[in-house]
């Protein structure tokens, strides 16, 4: 059962991702991206990463995707949702990327990944929390500086002065 | 006396700074100060010459200061019989050149500041005994030259300037690689004398790209110097640069800068890799032959007087190359023919000096007529001999000196080059004697077209050569004549050093692999 | 089933699709979407490696930070886009001189 | 070292963050015309930071924050380079007319934040830290590149920068994830150990990862083929930011690359002498080829630029290529040569950009037409520009030559495998002469003597003289620099 | 050393003319009479000094009389050049010739060149010439001989080009110099060959070492000898380099007399005589043939020339051929003897022709006739009574050159012919040599008398000028008389012999042939012996051929019994060839000069228009092309064009976003991905 769900989610993720890059209507792509992101979150659940899955939905779907759609809407004087945009070199690109995928996947499957058995934890929040305040304190703090900067930057750029 | 060599280098640098600080509207002041500085320089050079001990063939007046210890770079200067005549020639030609440039009107201050900087660069190359220092001076010459050609030159000056620059830079980059190669193989030092000591052993058996490193380095350095000489096929910057440069700069280009190439080959290639001389000498002689014939033929076909003189420089430097190739006669396999080696090498070094004076004279004289007629088309004159007898006389003298007439110094050195190279490179020397005929042909033909025949009506008011111009030419003419009649003083000056070089090369034959 | 390889398959699939998007799309926002796919692919990797390496939470931290960074990036991108929007509107209307230059 | 213990050695960054906050707060109370004051605050703060960096440069190398970053002389050296260039940029920003329409408070604040990121780039030894610091720098750069809100070109620069920045960091991230998967750690030293003992079946994945990671690195130092953002961003961004992007992130990027390749992809003996040690991965060859392609492309394309700013953008690509030449060798000499090159590069490149600012302030343009006869109208600017061009070409007796000398020396000394790189580098210097001297030609060779001489404002004059002096003096006497670099050539490594 | 008059006087003889040159060229204009007195004074002094030397030699009467002195000119340790002088009988006789003819020329020129615009320079150049000629004569080594050799060429260049306004003069001077240079190249190669083998430049060590047979022998020596002989070919105007001498007649006539008849052109012969010991038998054969061919060729040309100076010029070439022939056949003292006698009578012939031309010139000037050529014999005739001194003097010299007994030419020519004949007797395969010799002798008699008859006898061809023809001034007639009288045999057979048929005299006593240094050659005694045997036969033959020549000329040009016109028409082909000098100039021009110039132009074109333009600049162009290509690839050039106008960022935001990526960037990425793919495949799988 779990496998079936896994495969369904995987298929959903990949197919909607394909839709994102292949569809000619920008808004449709954005919506397809939503499904991909949801699918990814589902995969995180399968990977016992409940916290990350939540963050994925909160930040990605709730934040980033909205921003993207907002951007699309804002920059195209929308009269309909069909904002077409063209692609290029799909043929050659497709062939190259296909082979790239083949070899990438081959390389990845052949590689000796570090594998250790583990049991499913009750939740990862606690562990992540501890790590963030011990081992990864510095990145965590720096991220805050970064967010501050991004905030200032976004504010500067979008404020309508001068 | 201790630091006389530094004095030689720093006087013009300080002079350049002084000139740059002068008010830009007082042009005459700039000229007088430049003349004074180069004059002082000339005096110092003469003092150096008087104090020089010709019996001692090694470096004299050595100065050595730590500079960049982390790379083993030092400030080392020294002078020997090879560089001293060149220093004298440089000081003299730069002094004379100030008067040749007297009529420069555009940005006088900039001109003379760059001029003095060039002076420092040239002297630095002749005097420095540390590769880094050598290279710096080598490159320092480029920038003033670029501006001097590019700003004060003829119609195609910008093209000529950048071409000169690119050509030379290409050579110097290769040279830099060669120098770095030596730096590493010879124990991380830039000290030329130290490298000379260590190189034959250190380079033995080292391979670069599967080739003997010594050979690769030789070729890299050689190309760097060959472009300056210029050796065919690296010569095409020269006619252009000479034609476009203002007169004084052509004088210096031909008179001194070309000598740097041959000087470099003797000092660096010969000094550091004497064993490889045997490997390359035939090629060198052959290139000399090509220079002689190719330059001569090209000169014959020119219609621009200055270009003719420029190609004649290519032709004349060919003799020098043949001369330096002759040094292999001293090797065992060539019968240890010391007299041929001496004749060839000394002849080549003598030829450097002589071409310096003669071509300087030629360019000054071309400049004189250009100043009056504003063109240099050989066929556009005619009959000037009746209008300007003194000018004609001096030009005749210069042309005869150029075509290697006995009684002028050029003859002595060319003959020595030939005589020296003959035992080893019979065919090449015999073929290059055609050059003697070519010399005569292009000079006399040009002379005839410019000076003989009926006077061209356009120039019936042309002014005779004036006192200032005479002042710039006469000393050169006197030197040319003096050394033509009695070359002894010059040859005595260089003899000991030449003997050292020959001895070294002769010795290298015993361990060098062909 | 449900092995590391299957996650790697999905992540490399997403990565390649993202790459494809970046390579083929002409629209800036569409390219940005391709980039998001790539980030997601990487995140799947991190989390997957985390799980299969004895629940090593380093990967989770990494993924978390990536998500945050992606958000910041998107915010800045959007700010720039909005700025362009503002700018264009004004420029379009009155600043003809700059067009003529 | 634990987080608390680390704070003692983290003082520079802490001071920096405090300065940033001070900037931010002060900005709230200032009128637009007074925002130059923020520059003063940031500048003074940076000076203090610099002093404390200098103060810490002699402490024994150690890791901080539980193996997140290190403090060692190498990072201190790079930090000082970054501080010097930032200070110069701050001063130049006061005089840059492009910015006069905007508030500069946020501008300086963002630069401050960027410096934090750059500091961390030079010192991180954990791939998470690496990624975060790169992102800090990138995101600040995006904003700064698009800072001229009213200028479409600047907007465009920002947009392009964002998109390609995100793309590159995404690809890098994927590569990092593979490394994480293969080694199970994010710490450099653990990764290094794991890689040195890894099965050869990992090679395809490792190469894949390496190439992807290099996408991120290459993007930061604008190496081909990740340079594509450079011309447009450099051209569109405010000139001060262009100048800044061409030096500081590049320096930090090289620091990061050196550290990464040293401590991840090579043996621990790599830095102990001239001997090179690396795994059997072909990364030296790959980087060597990329270096040659980078400088060749940079030089070739620079030839046909009509805008000097754009030409300098390509020239900075070429310079990245020169520095990359030394990367495959990665001996002590190689790192030394890159460090020296970076130091001299700051001055000559910033000097050139400052002159672009002067000319743009005066004429409003940055194409070659604006430079026509400049040497006659503004002799000092012309002369100094010539000096910078000389130095960028790498001709003695300028600092640029010393940089090239060290690079070439490294390559010649490294032996046969690298000789072709020297030849390529040499030929490229010759090519570069052509376009650098195109500027000189335009400035001096055309145009006539003008009776009215003009001089730049004293602030800019001071700046270009300040950059010109090292550009010349370091070409003649760089022994102190060489010694300092030698002293700074100490990396933290696991064995210590 | 220097106190010894046998050293000091030669040195004075050498340098006095140089001093005169320096004074006159620099200060001539400021001196009274433009300084001609300086030149004349110095040269007469040298003549007197030469007379003193001659007297010394004569009193000594020692065939081995020899003095020498040298100084170190170049000393590099191993490589040394000592320059010095060698004074022996040969030198002294030659010095006497040079100074005598030179003095005469100076005096003659006082009148002849009066009023010339470059009067002082003319005398200065004469001084330079005399200096360099004396240098050749006195040289004791190859280097100083070569140096003087070239300097002689230069003075010749300057003097031929004295009237450089005329293109023909300018061309002639250049031609003379360049042709000489061709010979000089050979000379120099010969010097190098000798030096590289022997290690010395001075004559005596070279002879010794050749005699040793170790250092150099066989073919090498032959080549060296022929190389040195090349110098003589050029200077003495031998076939095939004889073309310059007739053209050199563009110079003033006294110059022709001095240089292009008596001394400079004889320098080649002098050198051959001086260096005779180094020539191998095979080299000598070549030399002999060159001489014989030159003699006959020039004589054949001379018979049809109408320009009085051209006839004399070709006659000179022919006589020089005789001398070279004599050298080649081994009787080189005969060659020198002929040099001596020829110098006297040929100089005189030129003075006489100068005198004639001078008066023609004046006459034409008076008649305001500027079209008539004053040198064309067809315009002359009947001058005998108007210019008696000139006529008689010229007649005497003509008799001498024709080889009539009682005159000097008979003695020397006879000696040469005897030598040639005996050579052919011993080497029958070389029968052509005497044949050419005798035929040339006959032709000489013929064309010289043709000249006499056409100029002085018969009726005036242009009556209007004859009345204005009169004898030249004393400055001109006195040298004519002096040299004319020196054409009598008696001056050469003193002090023992008064028999005009025998050449024995001081000359043969003092100038004795030396053995060749080449091992295996005939000794001088053997050669003399053989020649002696052939003496009477040769004398007879030469008398016969001379009579035939004179008679023929008499019949054709005096009596006009035989019509010259008829003959020339009958032998039209030969006449054409002779008149046009066997088309040497034309062929040289077509097959030598023009191709050479074309080669020069081609090379120059190659160098400048091709090599530099396409190859060197090709690198630049290639770089630019690459730059364009990579620029296009890296960034669309079209975009570049719009960059400054921000047209690319066109007016809607959407468009900006859409176009923000140019396709190039994505191409890039594609390449990158493909590149990575390749690397992966290559490296990892």
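Per-chain residue numbering starts at 1, and chain names A, B, C, D and E are given in the order in which the chains are listed.
Everything below uses one rule, namely that contacts are C-beta pairs under 8 Å (C-beta built on N, C-alpha and C of every residue); 3 or more make two chains touch, one makes a residue touch a chain.
In this text the structure is predicted, and so the values were computed from the model without any measurement.
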{"item": "Set of chains adjacent to chain B and to chain E", "value": "D"}
{"item": "Graph distance between chain A and chain B, where chains that touch are linked", "value": "2"}
{"item": "Chain whose average C-alpha position is farthest from chain C's own", "value": "E"}
{"item": "More contacts between chains, A-C or A-D", "value": "A-C"}
{"item": "Label of the chain whose CA centroid is most distant from the centroid of chain D", "value": "E"}
{"item": "Core chain by centroid distance, with centroids computed from Cα atoms only", "value": "B"}
{"item": "Rounded Å distance, chain C centre to chain E centre (Cα mean)", "value": "94"}
{"item": "Centre distance in Å when chain C and chain D are each reduced to the mean of their C-alpha atoms", "value": "25"}
{"item": "CA centroid of chain A to CA centroid of chain E, Å", "value": "99"}
{"item": "Centre-to-centre distance between chain D and chain B (centres being mean Cα positions), rounded to whole Å", "value": "43"}
{"item": "Contacts with two or more other chains, residues of chain C listed in rising order", "value": "15, 18-19, 22-29, 31-32, 34, 43, 48-49, 53, 56, 58, 61, 65, 69-70, 72-73, 76-77, 79-81, 83-86, 88, 91"}
{"item": "Where chain E touches two or more other chains, by residue", "value": "620, 644, 646, 652-653, 656-658, 660-661, 663, 666, 669-670, 673, 676, 680, 684-685"}
{"item": "Chain D, residues touching no fewer than two other chains", "value": "128, 132, 135, 139, 142-143, 146, 149-150, 152, 155-156, 158-159, 163, 178, 181, 184, 204, 207-208, 434"}
{"item": "Pairwise chain contacts, counting only pairs that touch as defined", "value": "A-C, A-D, A-E, B-D, B-E, C-D, C-E, D-E"}
{"item": "Interfacial residue positions of chain E with respect to chain D in the complex", "value": "620, 623-624, 626-628, 630-631, 634-635, 640, 643-644, 646, 649, 656-657, 660-661, 664-665, 668-669, 671-672, 675-676, 679-680, 683-685"}
{"item": "Chain E residues within the chain B interface of the complex", "value": "25, 72-80, 143, 146-148, 150-151, 154, 157, 161, 164-165, 167, 169-171, 173-174, 177-178, 181-182, 184-185, 188-189, 191-193, 195-196, 199, 597, 599-601, 603-605, 607-608, 611-612, 616, 620"}
{"item": "Of chain C, residues touching chain A in the complex", "value": "1-2, 4-10, 12-21, 23-27, 29-30, 32-34, 36-37, 40, 43-44, 47-58, 60-61, 63-65, 67-86"}
{"item": "Chain A to chain C touching residues, read off their complex", "value": "2-3, 6, 10, 13-14, 17-18, 20-21, 26, 29-30, 33, 36-37, 40, 43-44, 46-49, 51-52, 55-56, 59-60, 63-64, 67-68, 70-72, 74-75, 85-90, 93-94, 97-98, 100-101, 104-105, 108-109, 113-119, 121, 124, 127-128, 131-132, 135-136, 139-140, 143, 146-147, 150-151, 153-158, 160"}
{"item": "Chain D residues touching chain B - in the complex, by the definition given at the top", "value": "386, 390, 395-397, 401, 405, 408-409, 412-413, 416, 419, 422-423, 426-427, 429-430, 433-434, 437, 440-441, 444-446, 449, 477-479, 482-483, 486"}
